[in-house]
Amino acid sequence: MKSYRKELWFSVPGRRAFINITPQVEDCLHESGVKEGLVLVNAMHITASVFINDDERGLHHDYEEWLEELAPHEPIGQYQHNRTGEDNADAHLKRQVMGRGVVVAVTGNRLDFGPWEQIFYGEFDGGRRKRVLVKIIGE
Amino acid sequence: MKSYRKELWFSVPGRRAFINITPQVEDCLHESGVKEGLVLVNAMHITASVFINDDERGLHHDYEEWLEELAPHEPIGQYQHNRTGEDNADAHLKRQVMGRGVVVAVTGNRLDFGPWEQIFYGEFDGGRRKRVLVKIIGE
Amino acid sequence: MKSYRKELWFSVPGRRAFINITPQVEDCLHESGVKEGLVLVNAMHITASVFINDDERGLHHDYEEWLEELAPHEPIGQYQHNRTGEDNADAHLKRQVMGRGVVVAVTGNRLDFGPWEQIFYGEFDGGRRKRVLVKIIGE
């Protein structure tokens, strides 16, 4: 069994953003040499997500508005977590809706994807450098 | 390490439905001969889900109503994604709540399940043929 | 390839609770001897979750309130599932938001975690003994 590990670093200037990280994950896969197996891609921070969906600007706008409606950032004082001095409780909630990470099949050294699947890093509490873990196992 | 891959095809006539796909995944597992490992089952389309829950008609009705409340299909114009000519933005949102897919343990060539666990395909934008990927790795 | 399996049992006296199960999963990992691979940790019951987030009491309070708002327990009669004699339809919904389980990378016989990641059992329909599955594969 082969095993591969890499950290990808991201720094989002604003509070929230969606970044297509499919090319970086593909680079990892080629580097790993794994032909058949599984790739795990997960946020290493608990106010961020890795998820799979469409690379369409309008949809990302819809996600942003929808998540803000489901778990609004303000008023900050509505969340007990923010009494610790943080203002990111909403980010912990949003991340649960979008998920911590994804597991993708590897077939023939490629991400085994449907026609529109792309991997995104979802930042919900930006302004500093944060990491995504890529772990690949297989043969 | 053994590796197995199969696509399952589904065609839902209406817009939304939940289909129990546990028997098909079990067939894949037997076919694979994998005794110990992991099964990944995921929708290959970004307006559909694969998830694990109860095979109970009333609960599926509750999911349908709840998801429609969290991310209503109409009015279609409320979503920027639908300005691309699509009317399925809500399906991209619903799918995030229910998840893209599941990873299930394989023990003794069986799905290692609790008493009520069943695997469902969740269609949120039907009317055409769509695929689910089953990938199994192990020994 | 090595393979390891263990069931963890939990009994929550009330209806809902979040329990940090990271130490138990670490014990499993050490017991397994797996150095490189993947750990799957999932609820075996469909009214419970396993998820990764912060071990902060205020945040857990926020999750509790937020989930109760997204999928209220009462009135019980609002859910068709509860016509089967159950009163736990809301628990099936809440569990979808928080997820069935997590897949974690194993590197050097350790959970390959970011600084604040902790694994939680999320109970949404307590009052009886329920199980979490830990499955580890790798080398």
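Labels for the chains are A, B and C, by order of writing; each one numbers its residues from 1.
Here is the rule we go by: a residue touches a chain if its C-beta (ideal position, glycine included) is under 8 Å from a C-beta of that chain, and two chains touch if they have at least 3 such contacts.
Given the structure is predicted, the values throughout are model-derived calculations rather than measurements.
A.B. asks: After a C-alpha superposition of chain A on chain B, what does the rotation angle come to, in degrees rounded to the nearest 5?
C.D. replies: Answer in degrees: 120, to the nearest 5.
A.B. asks: Validating interface symmetry: for the copies chain A and chain C, is the fraction of residue numbers used by both over half? Same or different.
C.D. replies: Homomeric contact, different residues on each side for the most part.
A.B. asks: What's the distance between the Cα centroids of chain A and chain C, rounded to whole Å?
C.D. replies: Taking the mean C-alpha position of each chain, the two centres sit 20 Å apart.
A.B. asks: Multi-chain contacts in chain A: which residues touch at least two other chains?
C.D. replies: 1, 38, 70, 97, 99, 103, 137
A.B. asks: Hey, which residues of chain C end up touching chain A in the complex?
C.D. replies: 1, 36-38, 51-54, 56-59, 61-63, 66, 70, 97-99, 102-105, 107, 112-117, 137-139
A.B. asks: Can you check the complex and tell me which residues of chain C touch chain B?
C.D. replies: On the chain C side, the touching residues are 1, 3, 5, 38, 40, 42-46, 70-71, 79-84, 89, 92-93, 95-97, 99-101, 103, 131, 133, 135, 137.
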